[in-house]
Each structure stands twice: as C-alpha cells, then as structure tokens.
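This structure is in structure tokens; I'll ask about it shortly.
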Amino acid sequence: MKTTFLISAAIASCAAMPILATAADLKIGFVTTLTTGGAVIGNDMRDAVNLAVEQLDSTMGGKSFEIIFEDDGFKPEIGKQATEKLVKEDNVDIVTGYIWSNVLMASYKSVTRANKIIISANAGPSAIAGKLCHENFFSTSWQNDQTPMAMGELLNARGVESLYMMAPNYAAGKDMVSGVERTFKGEFVGKDLTKWGADAQLDFSAELAKAKASGADGLAVFYPGKAGGAFIKQYQQAGLSDILPLYTIFTVDSLSLPKLQEAKMDGILGSEMSMFWGPDLDNPSNQQFVEAFKEKYDRYPSHYAAQSYDAINLIASAANALDGDFSDTEKLRDALMKAEFDSVRGDFEFGNNHMPIQNFYARKVVADDNGDWTTSITKTVFESHQDVYAADCKL
Amino acid sequence: MSVLKTDKLTKCFGGVVATDAVSLSLQDKRVHGLIGPNGAGKTTLIAQLAGQLKPDAGKILLNSRNITRLSEPARVRAGLTRTFQISSLFNDFSVQENVAFAVQANAGHSFRFWSNVSRNDDINDRAHELLELLGLSNKAGANASALSHGEQRQLEIAMALATKPSVLMLDEPMAGMGAEESLRLIQLLQELKHDTTLLLVEHDMDAVFALADDLSVLVNGALIASGNATDVRQNPDVIAAYLGTPA
Amino acid sequence: MKGISTIHRMGGGLLLLVILLTPFIMLWLGKPFWLDIFTRLVILAIAASSLSLLLSVAGLASFGHAAYIGLGAYAVGIPVYYETYGGAPWLASYSGWWHLLLGVSVCALFALVTGAISLRTKGVHFIMITMAFSQMILYLLVALEEFGGDDGLSVDLRSDFSLPDLSLPGAESFGLPSVNLPSLNLPPVNLPPVNLPTVSLPPVSLPPVSLEEPWVFYLLCFALLLLVLFIVSKLKHSHFGRVLQAARQNEQRVRALGINPYRYRLLAFVVAGVFAGLSGFLFANYAYFVSPSMVEWTRSGELMFMVILGGVSSLLGPVVGASVFVLLEHFLSRLTVFWHLPFGLLLLMVVLFGRGGIIGMLKRDSQQ
Amino acid sequence: MDWVLVLTQALNGLQLGILLFLLSAGLTLTFGIMDLINLAHASFFMLGAFFCASATLYFDSFLIGIVCAVLGTALLAFVVEKSVISHLYVRDHLDQLLATFGLILIADTGVHLIWGPAGLAIPLPEPLQGQVRVGELVVPAYRLLIIGVGLFIAASLYWLVNKTRAGMLIRAGASNRQMLSTLGINVQLLFTSVFILGAVLAGLGGLLIAPITEASIGMGNDIIITAFVVIIIGGIGSIKGAFVAALLIGFIDTFGRAFLDSIFALFMSVDAAETAAPAVSAILVYLLMALVLVWRPQGLFPPKLR
C-alpha cells in the first residue's frame, strides 16, 4: 500500500515538476534527428542553426530569442510528440526543422491546429505542396520532385539515352523516381526500389549486377544518409565507375564526402548531381555562410545546414519587419511570405503553396585547393523553377 | 467384461522396440497391476494408452470403441485418465484450484466468460469432496508447489479422479511416499475399484500384491504373462525373469 | 490474505484516479501538454492490457502485437482519407462506429488466421512467428502507395460518433446503414464534420460535444481503458481464463484432464487482437496520423516491456508499466538526448533485481 | 536472363548467406546450449565493426584492425557475460529479451557517445579494392574474400563441433542440457566460452561487412531479426541448420530482389510488378519461416533428443 501510494505520488509529482521558464521573448522550436544514425544530418542542421543564432547575437526584431531543439528519434510518432510539446508546453511561436517526410506529415497538423507557423528545413513531400497545402506551412528547402526533375534535365543535357535508376522503397524514393521520369527524355532500362525502414537494405550487389547487365549508359540513384556512403563504396568495388557513369540525388554531400575520401573511394570524383545550392554558389551571403561555417566547425556545410540557416534567417527577417511581435499570425505569415532576406541560395520567392521558386544546378564532386573533397557547381539546369504540385494547392 | 483392450500395440524408437505387440485386457472394476523391471516400457505403454505417443501399429479399444486415433483430451473425455510418475501440477494454483480446475475440465466446455469460476458452487463442492477423500482438506489454500512430495502425489490422484474416469491409469502413485501415506492410498484405491477400473504401475510389490486382482508382466517391451494375479505370481517364466525368488 | 488484496484494490483504484485526474489538474494549471502525454499513456495502457491477456494470463508471448495497433489505426485512416478526398464510397466514412466495426473485424480476422497457424508452435517459435506476421503487415502497409506508403497518412478529422437519428439539423448523415451497435460508455458526440475546434469549455448538457476536444477524447480513452481492464479481469477469472492460466503453467496436464487448450488460446488471441485494434483506433484519432512505423517490431517489444515492467501477476501491471514507460521516456528525454542509456540500464536493473515487475516488488513490500 | 547475371547473383546470395551465418552461428549456439535469447548479439556485430574501423584507421592496416577487433570483442563479451548474461541463464525468455534489449540501447547510445553519430568507414588495402575477372564474370575482390573467410570459418566450426571434445560438449549441451552437469563439466566455463565464441563470430560478421557498408549505429539491429529467422528455420542449436538456412535465406532474398519484378511482369502490368515486387521480396523470408514452422515446427535440423 505504502509503495502503491508512493508510485501514485511519484506520478503526480512528476507531472507537477516545474518547467524551467526561459527568459527569451521569442521562442522557436527545431525538430530534427539527434539520436540514431540520422543524427549526422540533425547535428549538421543544429550546427547551422547555432551559427545563425550566434551571428544574430540571439536577437531578432529587437527581441531576444532562443531555439529549443527536440529529437524526433527518426520516428514519426516521436516527432509528433516533440512537436506537440513545443507547441503546447514551450509555447513556441514557430516550429521548424524536419528532415523526414513522414515526421513532417505526422507533425504539421499539431502546429497548424494551434494556428502557429511551421517551416520545413528539409522535407518536401508532394502532399503538403499540393492538396494538403496550408497557409501556415512554409519551406526553405524544395519539393521532393524538383531535384530529380533537374536531374532528368541534366541527363538529357549529358546525352544519356538509357538509364538505370535505384531508390529506396518509400514515399520520397518513389517521388524521386517519378521526378526523373517527368523530365528525362531517354529510356528507362531498369528500376529498383530497395527495402527501407528499420531493417533497410544496405547491400546493393544484386541491383548493381542488374544495372551493369542492363547496358544502360547512366545510373541514377537516390540514397540519403548512411545508405548513400554504402552505395558509393559498392558501386566502386563492383568496378562500375569506368563503365556506368553515376548521377546522384541527395546521396553525395558534405556529410558523406569526408568518409568517402577516408575510404579512398575516388571513383566518385567527377560524378554529377542536381541541387538547388552548393558551397561554392556565388553570392555574398553564401560565401559568408560557408566561410563562417568552415571557420567554426572545420568542415563544409551540407545543404541541410544551408536550409536550416536560411530558415532561421527567414524568421529573423519577419521579426525585423514586425519589430519582434509574432502575436498576429496573419501578419507573421505575410512577413514570411515576402522572403526578404539574403538567402544563401540567392534571391527566391515563395509560390502559392509556400514552396520556394528557385534555381537548380548541376554539381560535380571535386577536390578543393586543400585536397578536401567537395562539390562544385557546373551549370544551371533550371531557373526559377516551381514544383508541379503547386497547381493542386488552393491557396 | 473387458473395459480397456490393446491389440498388438507396437512402438519403436529408432531400432529399439519399446512396446512389442502388447495385447492387454483390463476387466471392469478390477485393479490390474502392471509390473516389470526398469526400462521394460511401462511408461511408454501408458503414454500410448493415454494418447501422448502414437503407436506404430496395433489398436486400443475402450469399452469396445476404437480410440487409437483419438487425441489425448478426447480419450480423457471418453473416460480414460492417467496420473504422472513425476507429479504434474499447476504450481501457481492453490491445491483447491488445482482440483477445481480438474473438476471444471470434466464439466462440459469452458467457453464461459463472465461468471467467476472460483465462486462456482458446483465445482467448489465437488473439489471439496475430492480433497476430503484424499485427506488434503487442510491444505486447500496452500500453493501446490508448497506441498510435500507425498501430498503432491495425492493431489495428482485427486485431480485424475475429478475427471470421473472409467479407467484410471496410475503411474507409480506410491513412489516417494512414506509408509503411512502409502497405506492410506492403498485403502483409498481399494474403495475406488467399486466404481473404477484401475491400471496400476508400481514398484512397491507389497502394494501391488495387496491391490491387484489381475497382473501383467512386461519385460523388454513384451508381455510375458497376463491374467489372474495369483496365477501370474506362480508363473515360472515370471519368477525366472522378474520376481527372482518365489514369493 | 484478504486484507492485502483489499489494500491492493485500493492502491489500484488510487492509481487509476491519479491517472484520471492528473491531466485535468495540469490543464487547470495551464499545462495542456500533459493531456497529450496522458492520452498516449492511456492508449498504450490499453494495448499493454490486451497483450497481458496473452502474456500474463495465457503465457503466450506474442511478439507481433503492434500489427493490430496498425490495423486498427488504418481502419480509421483509410475511410477518413476516402471521405475527405473521394473514392471507394463503400469504405469512405467519418463515422466512428464504422471505423470501430471495420477495425474490430479486420483485427479479429487477422488474429484468427495468424493465430490458427502460430498457436501450432511453442515458446520461442511462437515469438518469432507472430513477429513474422507482424512484419508482413508492416511491408504491406509500406507498399500501400495510395495511403502514403512509408510516409503514412494524415487523418484529417477524428472519428465521429453521432448516431444517425440523433443528428442535429444541418449535420450530414454519414452513409452508414443504421447498424444497431451497443453503446459503449461514450459521451454522445456530434459535430458537423468540417468544423474544426469549436467548443471551449465543458458544457454540462450532453450534445454537442466533440472528440476533437482533447479532454473529451481523453475521457473516451480512459473509459475504454476501464472497459478493457474490466473485461480482461472478468475473462481472467472465468472458466475460460482458468483454462488459459492452467495451460500456461502445465499444458501437458491440461490435456491429461481432457481439455485441448488450442481453441481457448485461439479465442484469447482474437480477443487480445481486437483490444489492441481498439487502441490502434484511438491512436489514429489521437495522433491524427497513421503510419507503418506503428507496426515496427520495436513497438511490439515496448508493449512486452510495459507488461513485464509492471508485473505479470496483476491486472493493473500493464497500466503501471505503460505509465512508467511513458513518463520515464518523457522525463529522461528531457534531461538528455542520450536518454536511451539510462533507460537501457533501468531495463537491465528491473530484470536483474526486480523480479515480478513493479507490482511484484510492491507485493513483496506489503507482505513483509 | 543471361547466365553471367544469374551467376553474379548467386555469388551475391552466397555472400549474404555467409554473413548471416556468421551472425547466426553464435546465436544458435547460445540459444541451443544456454537457452538464452540474446538480442545483444546485434551489438557485438556493431562493435566488431567499430573496433575494426578505429584500429584500422589508427594503425593504417586492415589486418591489425581485424586482430584488434576480435580481441576487443572477446574481452567485451567476457565482461558482459560475467556481469549480466550469466545471471540470465536461469530466467525465462521474456526476461532475456528485455535485458538484452536494454544492452542494445546501452551499446547504441555508448557508440554514439564515443564515435559520434556519423559512423566510420573502413578503408580497404589496395588489392581488395579491385575486381576479379573470370571471363565475363566480374566480381569485387573483397566480396570473394568475405565468401572465402566465411567458408573457412564455417569449416572450422564444423571441425570444432564435430571433431573435438569441446564440440562434443557443445553438441551434448544443445541436445540435452541436464546431461552436462551430470558429466561433471564446468558448465560455467563452457557457457562463458561459447558466449565469447558467438560474440566474436558476430563481431567478425560486422567487421567484414563494414568496408562495404560502414560501421554505423544500430547496424546489427537491422540484421539481427533476419538472423533469428535463420536459426528458427535451421532449428535452434544446430550449426548445420544455421548454415543451410543462412544460405537459403541469402539466396532467396537476393534472387527475390533480383528477379521478382521480371517474374511478376510476366503476368501483371510492369507498373503493378514494380510496386508489388519490393513488398513481396521484403516479405519472402518471413513467409518462408512461417511455412517452415507450419511444416516442421522445430525447424529443418532440430538437434535430436530435445
């Protein structure tokens, strides 16, 4: 009895535990992956956000602000729970972050329901760009289909006539395949959707053998995170780098390149990818960002970092316009909509679905002056490109 | 009248013949002793009769009905019940609950979901009777695992009786019992044979000779003698093979 | 003896009362997030209680219980999706009655088929085969591109429980044939389907109250938890439950007493599946979201953990387990993102030193 | 379908099977002899890879990396066995599941704290980076190495289990646990050794695959479930069963991924085939296990006299 009572009391007192009040005027929630292997991306995003906070001196629109980071544990349910907590308990004004489409899809209603703003700093599933679009949703990244569409265009420009494509078997993977299909004019000689999720497939030997046998003149893949590194290694070990040129989408970035360099995977040098941004993109804001990031963390920022950095600066621009008053959601929305800040991707504007209308480039893996591997922009593929789902959005 | 009959029952394990064309016949309301040296195949035979082991060949008839293909539970429902050589109880249940469950098992199907079975008077009364009969009433509330070895043997029999068997097979019921407990059990079995046929496997020869009306002797899986207890005890083969010195 | 069990009953009542009241006290203190935490806690407690019927009563270690949560959740998600975006009129509906009917029948059927096969095996083979079936559901859901595949599916509205004949003027009818379903202990609920959060404070008169209102939804979850606990308790002490318990301890003996436990276990498997489906139904409504990740084997493992952590000997064990699990997760994850480390240590400690789970420790405590 | 492709896929299936075997061998032994369900086997798989990666990068030698990893895994297995696992032998399977799941959480978080979330790549020595050509058949040299090492280990295990006294004890333990103590064997010592052996095999599996994928947090958790499927299909406690089932699953999984869509396309639309094939090939191994269990509830090669 005594202990039963103690347990009940423990529950009650746990619930009553005081929540540390913070002094900041403005609060921004940032949901990303800080545990599991996905934390590589999450840490890069967090580093970029911290850099932005430092540069802003923790002040926007004349008010102090703080970022509250929450871990989504790579799971939609935990991400949703974290979002609820930010909205209801921390009472943040804006929630941003979100690497994964499924976490975003699980979470965004918790924000919009409370009539607050949600800004995706990475995930861009088609549903939220199209029929599920919401006036309180913004993105500082891209819609899933755009980058592969740029890839299709790049493949046309490189004279690829027959293509083999591989992607993980989940929604974003399928979006990537359909994106390439939209613009690629040649023939698909093979397609593989590989197992993804908790026990994702990381050994691609069977698929690579098929790709090689297919006689394609190009291999396009989408393997984010650790699967990307694994894929590149097997591609090189299978001896395909000389006979089957590789084109990648969200597979090779500044997170995977150092490890590939360490493992001496030089077959990747010279391979091309499509992207809305690159560390050598020529504009003052980007040069400043990349230099400061390298200074602080001693590595290149990834596009995840760039998107997160932009998200914070977008919010800061709205705060400046509103003198730090986020109480009126409608005004906040309008201020965000103007996108009046120096984005690292150069000027861009939001479409009706609040997705950026922006340029897409071809990037190539190169070694920089110090011999470190990075990517370099080779050509512009799309100018001011808007995603195709914007037409389905009734905003 | 023959209640339980086997016809050339045979079972092999690999190359070893465990049961060698055994044809056994149990007469109604009599105690039939089954004796034989260790490893003679007594327990294997019981397991086949009870339906835990499938015989390779031969038939088993219960009240003239062929039950060779019936499952173990179905045989119990048909009236053929066994006890285990090593007490097989429900250790998380109390003594009372062990017997009550055995009673419940014999009281029609148990797809009854709402009423609390521990408040079922019919079951409790019958369980109480059985506990009384086996002299376990004072232990009714104890956990089955807390009983002494002898008491567990008694509980084992109480549970078997709860199924109202027409034939009850007792696999070494006296094993590990004290002299006093054995004596009481012998008395009980004497009473039981008024309405039940008993097959008694036992090493305690005094108990067997005190109880058995008929006797079968199993050696190396084969029956070497079977019939009236007095006759079998005089059988020279039996004396030579098993009993050794004349009793 | 009697004294102790009364004390335990009082302790149990107190625990449930604390669970019922805490979120409302927190709400009153201006901390609405606690309602979310406790809703999740209660829903997981329902799932864990359903598993305890298998695990604690029948001794069947099903490692695929998450599959039923997923099925129950998609039985909400898919009809709502079709009703919102068009398609499959025979399936589309906002009606909670329809969602429940669908979820319960799908779960019962799945449990019947997979149970009939799984229950032929024992021990660790049973653990693995139930997990295998759950994995099949997982990959099936991932393959359902129409419903978002791996991304999952947003549930736009919570299930609607207005009875067709009670609907207010202006409310639409919901395409459900007026099936005469038994009324659970639900507050009669009514809301025109496209009107989002409206009601602000609890009106005392019954309709219209909406499940969209978090506290109403919480009460529904809590009432269903009580219902499930009540039924599990009834079953446990019935003839049926006695067979399950006996077969858990000594299957050999049960057979030797004339009962083949197979059909009893199969029925328990189906009942547990249906209750887990019920928690899935609530989960979809709670999260406004369904996804294949609900079916991952780690979720089945977590449910097992809750049951064992709480203690398998007691009716309220799973409730205690779910409470400790959810609250620990909440507080530890707040302290550090590396909260899995202390959590794992705790798991070890509970297994190594706390036999019988938390309730077991309490019992030992009160018997001394 | 040309034979080069089929042959390549067969080699790939073999390699996957070998890897699964390394992981399952220890699992099936600890399960068969100590009656222990050890989820934390997955952690030794991961730690083997991390130890090897760290040592390889530090000494700039893959070979030294392997040696360090084997020693490190063995030492850690010894500590874990003495401190935690030895208390679990007498517990039921559920307690074991929970406790070893706790170990997984601790190991995963520990690795995150020590090595960071990014994972580690293991650079291969130059000769292993290349390919081996036989006519039209081109196979990565390193994959051939995995197959070779795996077969060597399988053969050694076969010798150990069937030809040595220790192996006799292991077999005796797997078929009848009570017998061990009656034989006057130091059971504690046998258990510890078998546990360490199993952990080292798992660690070897991890470090062998790591140069292809990489050493990453939770890499073992992804594959441990499949390893359990292997030992269930093979029959718990049977090394032979684990070997056969591992190869079977390796082949089925590889061929399913490689050819299922073409097969489906024969009788359904290409689009439908492309959607259905990945789902079905993901389910195949579980389907196989369910079928085997229905057909032979004890698996394909159950040790006798259980």
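Which chain is which? They are A, B, C and D, in the order written, and residues in each are numbered from 1.
Keep in mind that, in the parts below, a residue touches a chain if its C-beta (ideal position, glycine included) is under 8 Å from a C-beta of that chain, and two chains touch if they have at least 3 such contacts.
These figures come from a predicted structure and were not determined experimentally.
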How many links in the shortest chain of touching chains run from chain A to chain B? 2
Max Cα-centre separation from chain A goes to chain B
Taking each chain's centre as the mean of its CA atoms, how far is chain A from chain D in angstrom? 34
Let me have the rounded angstrom distance from the C-alpha centre of chain B over to the C-alpha centre of chain D, please. 49
When centres are defined as mean Cα positions, the distance from chain B to chain C in whole Å is 46
Quick one: which residues in chain C touch 2 or more of the other chains? 142-143, 145, 297, 338, 340
For chain D, residue numbers touching 2 or more other chains are 108-109, 112, 225, 278-279, 282
If every chain is a node and each touching pair gets an edge, what shape is that graph: line, ring, star, complete or other? other
Listed by label, touching pairs are A-C, A-D, B-C, C-D
In the complex, chain B residues that touch chain C: 50, 52, 71-74, 76-77, 81-82, 84, 88-93, 97, 101-102, 104-106, 110-118, 120, 159, 162-163
Residues of chain D touching chain A in their complex? 2, 4-5, 8-9, 12-13, 15-16, 57, 108-109, 112, 117-124, 129-131, 138, 140-143, 209, 211-214, 216-219, 221-223, 225-226, 254-255, 257-258, 261, 274, 278-279, 281-282
Chain A partner contacts - residues on chain C that touch it in the complex: 7-8, 10-12, 14-15, 18-19, 22-23, 25-26, 29, 31-34, 36, 40, 85, 138, 142-143, 145, 148-152, 154, 196-197, 287-289, 291-294, 296-298, 320, 323, 327, 331, 333, 337-338, 340, 358, 361-362, 365-366
List the residues on chain D that touch chain C in their complex, please. 31, 37, 84, 87-88, 91, 93-95, 97-99, 101-106, 108-110, 112-113, 225, 228-229, 232, 236, 275-276, 278-279, 282-283, 286-287, 289-290, 293-294, 297-299
Residues of chain C that touch chain D when the two form their complex: 55, 61, 117, 120-125, 127-129, 131-133, 135-136, 139-140, 142-143, 145, 297, 301, 304-305, 308, 338, 340-341, 343-348, 350-352
